[in-house]
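Next come two complexes built around subunit A: one with subunit B, the other with subunit C.
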Partner chain A sequence: MIRLTIDGQEVTVPQGTMIVDAAAKLGVDVPIYCYHQALGPLGACRMCLVEVEKMPKLATACTTAVSEGMVVRTSGPAVDKGRRGVLEFLLINHPLDCPVCDKGGECFLQDYTFEYGPGGGRFQEPKIEKVKDGPINPFVLIDQERCVLCQRCVRFMREYVGEEQLLLEGRGVETVVTTVEHEPATSQFTGNVIDLCPVGALLSAPYHHKGRPWNIEREESVCPHCPVGCTSKITAREGHVIRMEGRPIPDREWGWLCDRGRFGYDFGYHPDRLATSIVKGKENTAAQATRQVAEWLKTVVDQEGGRGVGFIIGGGHTTEEAYQLRRFAAEVIGTDQLAISRTEAGYLPRGLNGTFDDVKQADTVVLLGSDPYDTVPVVHLKLRDRLLHYPALRVIGLGPLPLTRDTLPGLDVLVPPGQESLALALAMAAQWPQNSDVQTLVGSLKEFELQGVTAQTLVQLGQYLQGAEHLVLLWDGKEPEMAMVLGVLARLREKPTAVLPTFGPANWRGYEHAGFSPRFEDLTAVLEKARDGEIKILMVFGADLLREYPNRQLVESAFNQVEYLVVEGILPPQGAQHVDALLPGAAWAEVYGTYINMEARLQVAMAGVQPPGQARPIKTYVNTWARMLMKPLNWDEEWDPFDDDSGDLLPFEPVPDHVVALAMPPEAVGPMTLVTGAFIWESGQPSEILVPRVPQFPGRINPAEVKDMGLSTKRGHIMVSQGSESIVVAVTADPQVPKGILWVPQGLFGTNHLIEGTVTISGVTEEVTV
Partner chain B sequence: MLDGVKAMTKGLGVTFKALFEPRDTISYPEKRREYAPRFRGKHMLAKDVDGHELCVGCGLCEAVCPAHAIRVVAASAPEGQPISWTNRYAVDYEVDLIRCIFCGMCEEACPTNAVRLTPFNELAAADRLEMIADKEELLHPPVRK
Partner chain C sequence: MKPEWKAWAQEAKNEFPRANSALMPLMHRIQLSEGWLSNETIRDVAELMELPVQYVESVASFYSLFHRQAVGKRVIHVCVGLSCALKGSDELMHALEERLGIKEGQTTEDGAYTLLEAECLAACDKAPMVQVNLRYEGPVRPEDAERLLSEEVPS
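After this line comes the complex of A and B, so read on.
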């Protein structure tokens, strides 16, 4: 630790701290443009000049590390003169168009000029004209005239994200920030440069000219699209959400968002947004619709008892709403048929669930079938952050497709689809052959040979698994047996082992906390009971089962069989003809509540706007129904999801140590296997703003597979069939994908018409350029 | 008695004196008073010589207004059809003339000199809604009869 004096106050900071951070610890504000804690020192803007005793000239506080006994003055005639000079230079070619600049009012150039700057400039020459409102991509605009060349954006993209898409071009006063080859930036993280830009150079295109700091309201929120649950801020004006910003939390979050989360906030204003209740295909008043549903519930409960009613929750509901629904189901209806709309079969016990702190300490990361860049982008950024601090980070991808990337290089172990848990178990058997749990696991796999993986690779993988000091595994939740294998691995390793589940829905842990069963088997059981006529009335909240559930036939037969299908949501679900009552619900940002993310961390999202039309939160519905069924619910004791000793993390639960032998996988028969996976652009609610960025050809297939069929360009449509069902998928030929694999995002193209496994492809059509 | 007559004479003396003095009131609306050249009445939004609006919808008037009487909604101008002199313009500009205290801070804050307070002060309406001046109304300031 080092002691130094800043403005007469003594402070003790660790070695290597920059003066600017030491000053921040004392609450002394040093103006900065180029320095950002996540990006490290650069010293490009010269704004942070301070006076250090025994140094001949002013020093930049962001690049000067503290030393013992240092005496720093952050104000005084010399410092003021230096800063005044820097600002005069920065403003030489600045257009001074604050009235039309979106940053006006929250701009560091304005603030520092007001505080430290000269009253006027001495330059009479005409200002240099550069590009104004040029696009970086459809979401980010650049005004090169306003840029102070701090390089935060360039360094963020190049060093932090690792995708070099922004650069400095030109020399001297003609230097500008632009995209590489003037092509639109395609990274998943371009929106962050808007938050990073200290001046009005990088602007959000959807927010362009929409608000001003004094006529907007900011509410702290949590991004609702994927299980990462990034901390964010809503900007609302006149009852409309018009912007999302990152919300940094000291020592925990940098406040990064992916473009999906940052610009996908407009789903509440989708043209199809439900604002009226629809009963039997006819628009109805809210009172009549709720009364009608209550009558149905009463009829069924009178005839069948509570077990005639099934509840399925999904979508972006809060933990509190799930709790209110669970209480209604248990106390008023008297049913325990409560399920979560899951897309994957796996479930992760709370005891294995790691946090993002584990990512910050990890030395080995195993991606189990999940590519974080495409499923949970901000976790990819967190891994990049770890890679920057710990370049020896070992990344291992284990899945049917390569999961590592240029930005996150590592070893890829390709296994046949659905055999990741077997591969992991065999690697463990190679490393811990004597362990009884492992012997039980691989007991029936004596004859089994993993295709395409050598014994050497498994031994290597086993060594990595044992040798890792801090192991983090990202799991896509596809194979239910994996949880058991991971439990054995965590017990064997005796060193920190953290699993992060990347599957959805975003708040599934919250629904579990509220009392819904998170297990896929229970969802299937509810649907099967509905198909078999045991459940007469199916209440679906927020879920679009025909799109989400992997087996579409089961959902369709269940929907056909139930007497009443009641769906609450913010958008009409697929198969609206089956729905007896469609009730408009309140969306994210319209209701206050808690979301629990993939770390099992509780995070509060405030409400910023009012729900439109008849849309209302679940509590209103269940209260009305409870009153109509003459069993009013008592809300006197408020349920607090935080009510425990473990702070904002869910309480720890021991991992079940039940181990059974893994089953032999079925023999692969066909030459082509369908693999589905989560895809950030289609998970969550659809957004109109994002349309230009959503990939049009998201399917991936090896070029050799489609070449014979005449697909000469990189993209096209292929017909995929299985039995009597067939779908058309828009694919990109990707040499990274191994032969015999067709990867399709789940939920798009009606993928759930087919079951994962052997398919045949035919009928290629080339990309049609419109 | 004599005192009473004295007092009455004095009082009536004032009355008769005032009767022949010039009048302080004027017969409005046939006659109108001259106002000070910088009198602050109803607002207007000015245009430049090319007919483009000066207002860019920056919202500073909204921010500075002590009575919260102004609402500004800005937007980007459609491509190739400039509405103001730059690519940003005010879609909505409303002044609530019931709330307005005619302090002139908006005029003072306006960086483009678009908001101006005219001498027009004949503000009366049968309906509260008519007292909210929208952008169209402000762009065509009334001329005093």
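After this line comes the complex of A and C, so read on.
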């Protein structure tokens, strides 16, 4: 540790700390532009000049490491003069158009000029003119005249994200920030440069000229679109959310968002947003609709008891809302048939759930069927961050498709679809052959040979699994047996083993915490009971089951069979003709509440706007129904989802240690297998803003297969059939995808008409050129 | 990518083991044979040097002697530095613009000439001076424009 004095105060910091960070520890603010803790020092802008005793000239606080006994002064005549000079230079060619700049009022160039700058510049010559509001891509604009060339944006994209799409072009006063070959930047993370830019050069296109700090309101929030639950801030104006920004949390989060999250905030005022109640196809008043539903509930409960009612929750509801619904179901209706709308069959026991702190310490990362870039993007950034700090990070992809990338290189072990847990168990058997749990796991696999994976690979994988000091596994939740295999692995390793579930819905842990069953079997059971007539009234909150549930036929028959189907949501679900009562719900940012993310971490999101029209939160609905059913709910005791002892993480629960033999997989019967997976552009609520970015041909298939169908193009439509069902899928030929696999995003193209497995494919259109 | 570029890249790398140092000599050599550096060339160079396209583009745009647009057979740089300006580089530029029928920064339609400005070329004693395909000439008075254009220039 090093001791030094800053502005007369003593501080002790680790060796290698830069003066700015040491000062920050004392609460002393040194002005900076180019420096950012995540990106490291550069020394480009000279804004951070400070006086260091025994140094002949002012020093840059961001590039000067502390040393024992150092005496630093962050103000005084010399420093003031230095800062004045730097600002005068920075403003020579600045257009001074603050009155029309989106950043006006929240800009470090304004703030520092006001605080430290000269009253005016001495430079009289005409200013250099550059591009204003040029596109980086459809979401990010650049005003090159306002840029102070701090390079944060360029370095973020190049070093941190690893996608080299921004650059400095030219030299001297002519230098500008632009994109490679002036093509739109395509990275998943471009929006972060808006937050990073200390001045008004990089701007959000959808927020452009929409508001300024004095006519907006900002609230702390959490991104609702995927299970990462990135910490964010919303900006609201006149009842609409008009911006989302990252919200850094010291020592925990940098505040990165992916573009899907940052720009996908407009679903609250989507043109299809539900704002009126619809009963039997007709618009109705809120009072009549709620009364009607109460009557149905009463009829069913009187005849069948509470078990005639089933509840399914999904979408973007808060944990509190789920809790209110659960209490209504239990106390007023008297049913325990409470399920979560799940798309995958797997469930992760709390005890195996890791946190992002594990990512920060990981030396080995295994991607089980999940490519974080496309499913939980900011986790990809967290892994990049780890890779930058620990270049030896070992990344292993295990799934039917390659899961590593240029930005996250590693080893890909390709296994036939549905056999990831088998592969993992076999690798464990190679490494721990004597262990009885492992022997049980692979007990029925004596005859089994994993296609395409050599014994050597399995041995190596086993060694990596054992050798890892801190193992992190990202799991897509598709194979339910995986949880058991992971449990065995965690017990065997005796070193930190952390699993991060990448599946949705984003707040499933919250619904579980509130008392809903997270198990896929229970969801299926509720649907089956509805199909079999045991459940007479199905109450669906926030879920779009025809889109989400993997077996569409079951949902359809359940919808056809139930006497009443009541759906609450913010957008009309698929199959609206089945719905007896459609009730408009309150969306994210319209209710205060807690979300629990893939770390099992509780995070609070504030409300910033009012729900539109008749839309109202769950609590209002259940209270009204409870009163109508003569069993009013008592909310005297506020329920707090936080547990005092476990802080903002859900309390730990031991992992069940029950182990059974893994079953032999079914023989593949055809040459083409359908595989579906989460895809960030299709997760969460739809956004109009994002339309230009959503891939139009998101299916993926090997180019050779496309050729075999007689399609000579890179993209096109193909017909995918199974039994009597067929769907049309827009695909891109992707050499990364092994032959025999068709990958389709979950929920798109009506994929759930088909069951994952063998399909036949044929071409639909010719020649859709790129 | 021209087949010989691979060998050139190798030679540059032998001389300068670090890719970002070897980059400049390689680009010079390619520009000498191609006249300029297209986006495609930049991509090829990036591949040869195993550097990001973004980096190569930044370097190429930093140095004004790398041409990112097609240039004519003769590239005329008119120095507009202080000494040359005092000695009439403005008039010289106008005279050349008039004769060639183009503006500064442009290339004649027949691809014979490109007219560019340069900052002080460190030959103020020859002010106003120009470079023709990098060869220094001066002083070149505005009325010498015609003569300059009719001169034989070794390329």
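Criterion: the second predicted complex is superposed on the first by the 763 of 770 C-alpha atoms of A that agree within 3 Å, B and C clash if a C-alpha of one lies under 4 Å from a C-alpha of the other, contacts with A are read in each partner's own complex, and residues count from 1 in each chain.
The definition used in the following text is that a residue touches a chain if its C-beta (ideal position, glycine included) is under 8 Å from a C-beta of that chain, and two chains touch if they have at least 3 such contacts.
Computed from a prediction, not measured in an experiment: that's the story for all the values here.
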When subunit B and subunit C are modelled together on subunit A, clash or fit: fit
Partner chain in contact with A:Gly763 - subunit B first, subunit C second, else both or neither: neither
Centroid geometry (CA): angle subunit B/subunit A/subunit C, rounded to a multiple of 10 degrees: 80
Partner chain(s) touched by A:Gln165 [first = subunit B, second = subunit C, both, neither]: second
First (subunit B), second (subunit C), both or neither touched by A:Val180: second
Touched partner set for A:Gly452, first subunit B, second subunit C, both or neither: neither
Which superposed partner A:Gly69 touches (first subunit B, second subunit C, both, neither): neither
CA minimum distance (subunit B, subunit C), superposed complexes, angstrom: 28
Overlapping contact positions on subunit A, where the subunit C interface meets the subunit B interface: none
Complex interface listing, subunit B residues touching subunit A: 56-60, 62-63, 72-76, 86-88, 111-112
Partner subunit C, residues of subunit A touching it in the complex: 158, 164-171, 180-181
Residue ranges of subunit A touching subunit B (in the complex, touch as defined): 97-100, 104-105, 133, 208-210, 212, 214-215, 238
Partner subunit A, residues of subunit C touching it in the complex: 39, 52-55, 57-58, 61-64
